[in-house]
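All remarks here apply to the structure that follows.
Each chain carries a letter (A, B, C and D) given by its place in the written order, and its residues are counted from 1.
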Amino acid sequence: MYVLMDIMVSPGGVGTSVSPYVAMCQKIFEDAGLTHTMHGYGTNVEGEWEDVMAAVKRCHEDLHAAGAVRITSHMKVGTRVDRKQTMADKVSSVQDKLDSR
Amino acid sequence: MYVLMDIMVSPGGVGTSVSPYVAMCQKIFEDAGLTHTMHGYGTNVEGEWEDVMAAVKRCHEDLHAAGAVRITSHMKVGTRVDRKQTMADKVSSVQDKLDSR
Amino acid sequence: MYVLMDIMVSPGGVGTSVSPYVAMCQKIFEDAGLTHTMHGYGTNVEGEWEDVMAAVKRCHEDLHAAGAVRITSHMKVGTRVDRKQTMADKVSSVQDKLDSR
Amino acid sequence: MYVLMDIMVSPGGVGTSVSPYVAMCQKIFEDAGLTHTMHGYGTNVEGEWEDVMAAVKRCHEDLHAAGAVRITSHMKVGTRVDRKQTMADKVSSVQDKLDSR
């Protein structure tokens, strides 16, 4: 089952600068070989369900090990069975509508 | 790793009535023996990481099998390493502040 | 335009105990006369669009005034034009399906 | 109060193709003069609180007028009082950590 995910990881109890922790998760997605794109409020990640969820779990485990006592992740998880669709497909589908105006 | 989750499952391509699909997921959480409470915009679920995520995956699989061509789940996933906390603890912690005013 | 909202307010830079801040928002929803129910990962709030959004804004303003340097709110905002529906209607609609099994 | 927002608009009761509706909201953010960037699971929008929220409301109103009987928006809304920060700042802050490894 292929999954398109968006994740925003919020470590708690680490002070006001959370970017080092977010960078740790980016590295995990990268090392897992998952297609991923960061934006201003999270990261789009896509791949097989088991691979994506394993990366999310490792993200929580590594951030706890790095000192984050609490972590809340906000995720959007999408699957479809009618056809294969990538994140890039979703964005270009909207862009096509905008361009044809 | 104990996880407190909130999940809102949105099946697509099934018409305007989504409650039968939401009920299917409630049944899955129940059968998995996970503590769960429904509210107006989702369901609080808590348990061990592997058990909770297996239930979420089964929810997507079963809803696809029941005719939902697309499914998007919106999840909040929280873990903490300083102390054990349940959903009930979180709510009562806020309620205590309200009662002491 | 009647809106069914779910909101989870996350103050940052205030240490590990966020419940006093969450309680402040509960008080704001209460004072605004909005129907609201707290759960383990947020609060369901319903009412007219302008009233609900004014309460959310006041929540950010008051929490900043109380010392939260950063605030992130995660919201679900639902409107419909086919019929009036309350949060209680949504929950009972799913419960009916579960009871009829 | 300056706000960094992420929004994913989900129209219901319009069939499986939602991209024309998403494009309508993009156009609204554009016409409102708000800085906005689309990604695979939503759109980053930033500006003054009143301007951003007015655009969200117009998005719901216009999509209902275009035939969407139900609309659910998933939003992240962030404010901070310690310093001015843009979406681009947030992304580059994480990117800096990745580059310095």
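Criterion: a residue touches a chain if its C-beta (ideal position, glycine included) is under 8 Å from a C-beta of that chain, and two chains touch if they have at least 3 such contacts.
None of the values given here were measured: they were computed from a predicted structure.
For the pairs A-C and A-B, the larger set of C-beta contacts lies at A-B. Averaged Cα coordinates give chain B a centre that lies 17 Å from the centre of chain C. Chain centres here are Cα means. That of chain A falls 25 Å from that of chain C. If you average the CA atoms of chain A and of chain B, the two centres end up 19 Å from each other. In chain C, 12-13, 16, 69-70, 72, 74, 76, 78, 82 are the positions where the chain touches two or more neighbouring chains simultaneously. Chain contacts in this assembly form a complete graph, since each chain touches every other chain. Contact residues on chain B toward chain C in their complex (touch as defined above): 4, 6, 8, 16, 19-20, 22-23, 26-27, 37-42, 44, 46, 74, 76, 78, 82, 87-88, 90-91, 93-98, 101. On the side of chain D, the complex with chain B involves touching residues 10, 12-13, 15-16, 69-70, 72, 74.
Within the complex formed with chain C, the chain D residues making contact are 1, 12-13, 49, 53, 56-57, 60-61, 64, 69-82.
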